[in-house]
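The data blocks that follow each hold one structure.
Shared chain: subunit A. Partners: subunit B in the first complex, subunit C in the second.
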Partner chain A sequence: MYSEDITKAMASGGIAVGDTVSVKGGNISVEGELMPKTEAGNDGTLIIKLKSGYNIGIVFGEGVSISRVSARSAPAAFPFTKPKANTRLPNVTVLWTGGTIGSKIDYRTGGVYMTVKPEELLYYVPELSGIANISINHLFGTSSEDLTHLEWQKIAEETAKAINGGARGVVITHGTDTMHYTASALGFMLKNLNAPVVLTGSQRSSDRGSSDAFLNLTCAMHLAAKSDVAEVGICMHASSSDDRLSFIRGVKARKMHTSRRDAFRPINDRPLAMVRHNGDISYTNQYRRVAQGRSPEVEVSGKFEPKVALIKAYPGSEPGVIDYYTGKGYRGIIIEGTGLGHTPVSIEHEGRSWLPYIKRAVDGGAVVGMTSQCLYGRVHRNVYKNLRLLSNAGVVYCEDMLPETAYVKLGWLLGNYSGDRAAELLCRNVAGEINERVSIDEFLD
Partner chain B sequence: MYSEDITKAMASGGIAVGDTVSVKGGNISVEGELMPKTEAGNDGTLIIKLKSGYNIGIVFGEGVSISRVSARSAPAAFPFTKPKANTRLPNVTVLWTGGTIGSKIDYRTGGVYMTVKPEELLYYVPELSGIANISINHLFGTSSEDLTHLEWQKIAEETAKAINGGARGVVITHGTDTMHYTASALGFMLKNLNAPVVLTGSQRSSDRGSSDAFLNLTCAMHLAAKSDVAEVGICMHASSSDDRLSFIRGVKARKMHTSRRDAFRPINDRPLAMVRHNGDISYTNQYRRVAQGRSPEVEVSGKFEPKVALIKAYPGSEPGVIDYYTGKGYRGIIIEGTGLGHTPVSIEHEGRSWLPYIKRAVDGGAVVGMTSQCLYGRVHRNVYKNLRLLSNAGVVYCEDMLPETAYVKLGWLLGNYSGDRAAELLCRNVAGEINERVSIDEFLD
Partner chain C sequence: MQNDKGGADDAAEYKKIGFMCGLEIHQRLATATKLFCSCPTAIPEQAEKPLQTVYRYQRAVAGELGDIDRSAEFEELRNRKFVYEVHDRNACLVELDEEPPHELNNEALMVALAFAKAMKMRVVDELQPMRKEVVDGSDPSAFQRTMMVGLDGRISTGGYEISIPSMFLEEESCGIVSSTEDTITYDTGRLGIPLVEIDTDPYIPTPKAAKMIALYLGTMLRISGVVQRGIGSIRQDVNVSIRGGARVEIKGLQDLDRLDKFIENEVLRQQRLLEIKDALVGARASVGEPADITDIMNGSKVRIVASHLEKGGVALAFGLKGFAGLLGREVNPQRRLGTEISDYAKMARVNGIIHTDEDMKAYGFEASDLARIRHRVGAGEGDSLVIVAGARADAERAAKLAAERAKYALVGVPLETRGAINSDLCVTRFLRPLPSGSRMYPETDAKPVLVSAQMIKAASENAPDIERERKWLESKVHGKAVAEQLLLSPKLQMYKNIVKSAGADSEFVANILVQKFTELRRGGYEVEAIDEGRLAAMFSAYGAGRITKQGVDELLKEMAKGEAGVDDLIESKGLARISGVKLRGLVESARGKAGAGAGVDQLRGEIMSRHRLNVDGAELNAMLSDLAKGAK
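The block that comes next holds the complex of A and B.
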């Protein structure tokens, strides 16, 4: 609720939240939509949404007045009509899963909710219809933190169905928080992939002036419609400006910033391609190409073992957590170790050495994989004595694979193979997740 | 063991591992020390350590011969004599804790062991004695993955003792893997700090030609002897070249690469200073300054609650692990959530929502803090509905603090304060670990 002063001024002017108002006072004169007080905001500050989409706050102090320009209009019937198919354009299927790209600000709380209809975004981005004939398949409207392997399987199946049904490419709109987990899962689950599969989303909701939703969707559509990359990747801003977007191999991608539009980075890899708003694509890495002519159908190898854990090793960390997981029937554990792939192993600190716990888990049939919390670089099983102790205990060193990717990969491997075979494949490249060599240029860039 | 061919050639030439040998054949002619076969190496490849410190491998094929130049000399008595104190130089105490900077290759295994005596490094870096009068205090010879809060307390006490005893600054040599955890712990534990405390180490052992040990130690010594930063920081290479090193606030530092010399980066912060080999220091951030004149003694607030865990939330993650920890008497949990600070909360995926587990832990008196696995950026407790659900359940949102720092901080807070007070202080800046605002320039740079 706004302050008593503001509430009074609104009452006397017949003003309701959502109305277009004019606010004047001193050297201020603005017109825009009156927003509700946000939960965190000061109750004496008017929040006005300008036509640009930005909100400004104006302290309702002496000399400031507010008057109504027009009442909040009832939302018009949605004016979208599906464009006619253009036989000269490729067919692209959009799989809609939710996330910020499908969200709007809720006026009551100032929070973001999943309320945009897919068609609405196409209406706001008419150029999409000039790139491809678009079919939209609304799968979920879910925040990405709530997705699980069940949704990964569904997305994989719908992707395969779309491609086998004639789509030249697939765009998947998705919340950004776990987009790299989903992209990794699709990278492993889709067999004989012969089309670009492009995940995209936005860091700012699409009703904000600074939203990255439109450009991300446009560039993702260009990639799906034109690129010859037969891989699963993420298309998001490459820098804080709007000049180009990167297409990053899903199994090598990571969200590295909580809020920036260029939050996604390739780790131990280069982007597959850079894309511009006008559709220019420049390839910047090796990749699997779309084969010419007839190719086998895309198949889904979607089985997944959910009893896999991702745990972090750190000074003072409690190795008993391994027993906790194996006791619950877990068949795989990925450790995010320190440096080259360490856990505490000293016998001087009683009960804090991870070695006996790891040995017990491996002897009991679990697969234990090692990655690094450094993220960049490669783990190594024999530079230091402590690494050899872990390796001899049966820990699989996962090369330059990301911890999150290793987690998804191990769940997928254990869903489809025996434990022994899963352990073998964990440290071998299956879908681009392990690079033989990493150029020194690929650090933090 | 080398191959039979090599073993025979060594026997007939009276050659032992460690001898200086000459290897000739085709267009190859090298002289150097014969190294043992490494565990991972091919047994038909001679490993020769050149005078430069680099090892090369030569396939012992047709036309290649090996002959002895000189026998391995018995190690000379160590020639180090402590330089006389120069009253015009400041006093700096070096606390020696182990790590790669204090290590050498073990010829038997090719592995790295902690064998360098502190004096040895001073002998190899004579310029150190031109920077300060150096006292060396050998605390441990430990790989950093095996350090715990017990060692952090000991290092804090020895640091305080050194400064209160007249040291102008302190250099701490340390393994790199957990250097940022130790630096964070010291940042919280040292009260009334009135001198630079500089942690350094190396990514390559000091008997290798490419070792970063010498330059790191020299620049750390310059900082301890001359800088007016009254904080705990990490001094390591700022780039892959040797031109400058950065001094990074310990609570904002993170090891971001498994092997590069410039692995340490400030996250959501700028470096405190840049340092050159010649001792030039340029300050690049705000910092706590060394006070002029008499100042109170440095005190150690060293209590630490080891029953704190750092756990990661991800798609499919098992919230029962929270019960596991609280059941073992854990009083604090730091979650590395996704994006702005999420865990799964959906009730549609039965048993996978973290909400009831978090509520139960908080109601039972535990402090639960939220950080982001993105690392860069800031968590936020009310942009999305799911964030507000977690926040309302009592989760403390830790601003732009690193997960590792939050873990150390919470252990320290619970060692020194009540749970309620610890929860209050967790999201307030205590030692530079929380920045009010983060410049957009500070991402991945």
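The block that comes next holds the complex of A and C.
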């Protein structure tokens, strides 16, 4: 928003953002298009787009005046490309949920908005129409940090509906930040899954020529249209190059980099498959296969207990945080412990031991699960005395499960089962989230 | 229009033809780090093996107005793979488009502001970083970060008063390592180095004036002492048009000395294209649609076509009515209309075109085949043909592009970005259509920068001032011509460094760097290859009396031959100066041999004939004249 002074001057001159204006009286006198003010920069600076395309900022100070030269012109309509029906190709439903892949820049303001229309993507990536017969379902346009279990439920329902309605596979476009949470949720919620469900996104918005969205979508489409993986997974770049993409089991995937294209990595697991940019798929892990012939319909077991927390233990951490959550009626807590699954337990530092707090929570009926902030590797309840103390207090050790997956799983378990049953199932494999064996090559690169 | 006059007559001639000319000067800054990240700006040695290579594809995306920029689309048409070489110390995730930009480099900003003040510009109150779309792969992000720093400047030189409408601070692009039909390999080392772009208005009156102004701006940038030196560190792009022609941007000019020749040739090219246009319009010329002639060419003796057909490719042709003789018409030295059309076809990965203004027999065409091709494309007996061959998709695109270009010959001069072919001919070739204006949008990852009054004050104090520099030089160097040459020379900064550090006479250093260098260069010695470090060591040795003036000459010749250091050469080539007691010894020994009656001249001759490089003439003269006095 522009400052009050500028807003007033605009009102009195009948000026709207987008109009061609003349700015006089200051250090610089120019004519150009008045741009909207974004959060960046000083609100007392007029942003003017010159004919050359450059924006410049002119401080609206003493003696500066602004007047309208001509009204804004309507922006050109975007050349939409409607999906072409091709009955010889497999049917794939695209569920559109927002995120960077579903956003584009507003060229006038420079802001990135969730405004991209699904059809625009077919204009950018026309080759998608050659892979599958695509129908696009625009669910929402939300940044992934704002998604909750309510959206997970909706996506699960729409996925089941699409597959039961004849889709060969489903592609879900999603913001990357929490894509692995959604993928985990779908992994638990979808029963009798008999089709590939492929989440994809992008780390660079699709308005730039270098966006990873194009290749990510293309390869996700290949997987949904051709692969026989009956699981939920994430398909994104496997390296910084536009070379191979990995298809990672959703419950074992994690975003491991803030900005790189190849941010998603399988943790304590191998990718299910690798997809080359030409669409060739090679399988690299055991997976649940699409059954041949008739199969039962996909069902959604979508209930979810939102009163589950994910907290981190660290040197000097405050154990009272557990009381805080149980005080608010939370029924489950996943701890991201140190190393093999520790929290501070020493009585030498008064008030720093988590043990009494955990004991109290468990005794009160909450399920407390332990994962590791190492991410790689398995937690263990016996190696050290301190681990045994926690285990004896009732902490459930979650094997090689990722903290985020454990959080989603516990919410799902508590939504569908009793507390005791949830505690039992938390450390048992339900949807591929726990690997009994972790092999030597499943650690970094 | 090609004459050597540089004066008012010339200007009048150019005015008559509606000559318009503007310059864009791009200069890399010698800041510690890059514009938007903390990588150093020093460019790695070519020999260093890259730490990693990354490859990407890019595609044209819709611009601000929803339309895809024609030049961007053109690049995508080529569908190329871009390989980026990454050197450990010179590129980080920011260059690779894997991390958002960091804060704007303040050092670079201050340098840019100083240049703005030197050109009396109005500095933008709040700088707005923008993204300028680039789809030739030279930036992994597919855009260049750039911001306008100043407006409405002016410079005056050689009697010309030229406006500088705008100056920008931006990121340098990647350097090309190699390029094949479908892959371009780039070095990310120089990507993101701060660059200033200075644009003049389009009213430079003559090609010679353009050269003079480019020289002036280059000097202004250089005397600041904060710009990179060496090949590629400064680039001059020229925009040229004449009445009835079109704006053409020439990129990649490396040799400022020949800037005017390139401009003259572009004027000539536009004139010739306009003549061709008149001839075509007069002849009611037209261009037909491309048709497949693979079946006709199967089994043909035309090697350059057959080689594609053998690999499963196709041949296409289209007819051109009224073009006979004009396809072969020269528009620039050794470049014909056919060459211009061929350059377009090459964008679609074919080797070029064959046309009937060439010797079709020499290619191996049978008259009967040509007749069948004419029939196929609906061309008459006197009509011309253009033939392309290649893989189907490539050949089809190539034929389409070539036909489009041929049709444009009836309209006139296409708006183009052209690349200088750096040979003695001073001609250019088509690179891509001139970009339209719709490829700029705000870089929201980087914050706008408010320019404070303090920053402006500091910039004014640091603004490079050619007059002040000239005066300083004239105080150091008595020969005005040498001082002026040094001022305009890329060696100026080196001169200042050496004078400061070496303790050698400033006049002597100037004479060596300007006159002696020219003399030795003409003599075939590669003196320009001698780096500053060795030169400084040489002048130090001279300043400390370890070598003579003649020794300096000899040392330069030896250093030009290789990498050997100064001390090693003084030792191995026996260049150490003989003076004082040792010199007296030489004199005594010469006198002993020549006898007591020997004259001063005889002794001097005797000693210098053997020790010309080691003995300082003045010292010897003084010694001999003392001796003569003593003898009296």
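Following the convention adopted for this analysis, the second predicted complex is superposed on the first by the 357 of 445 C-alpha atoms of A that agree within 3 Å, B and C clash if a C-alpha of one lies under 4 Å from a C-alpha of the other, contacts with A are read in each partner's own complex, and residues count from 1 in each chain.
Definition applied: a contact is a pair of C-beta atoms (placed from the backbone, for glycine too) under 8 Å apart; a residue touches a chain by one contact, two chains touch by 3 or more.
Please read these numbers as outputs of a predicted model, since none were measured by experiment.
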First (subunit B), second (subunit C), both or neither touched by A:S240: both
First (subunit B), second (subunit C), both or neither touched by A:S259: both
Which superposed partner A:W412 touches (first subunit B, second subunit C, both, neither): neither
Touched partner set for A:Y181, first subunit B, second subunit C, both or neither: first
Partner chain in contact with A:V383 - subunit B first, subunit C second, else both or neither: first
Touched partner set for A:S372, first subunit B, second subunit C, both or neither: first
Contacts of A:T45 with subunit B and subunit C, given as first, second, both or neither: second
Touched partner set for A:G26, first subunit B, second subunit C, both or neither: second
Subunit A: partner with more touched residues, subunit B or subunit C: B
Partner chain in contact with A:T338 - subunit B first, subunit C second, else both or neither: first
Touching both subunit C and subunit B, counted on subunit A across the two superposed complexes: 40, 109-112, 240, 258-260
Complex interface listing, subunit C residues touching subunit A: 54-67, 72, 76, 93, 96-100, 122-128, 130-133, 135, 140-143, 146-148, 151-152, 166, 168, 437-444, 447-448, 450
Residues of subunit B touching subunit A in the complex: 39-40, 109-113, 142-150, 152, 176-178, 181-182, 240, 255-260, 262-263, 265, 306, 308-318, 320-321, 324-325, 328, 336-346, 348-349, 352, 372-380, 382-386, 388, 404, 407, 411, 440, 443-445
In the complex with subunit C, residue positions of subunit A that touch it: 26-28, 30, 35, 38, 40-42, 45, 47, 50-59, 75-79, 105, 107-112, 123-124, 203-204, 206-211, 214-215, 239-243, 258-261, 277
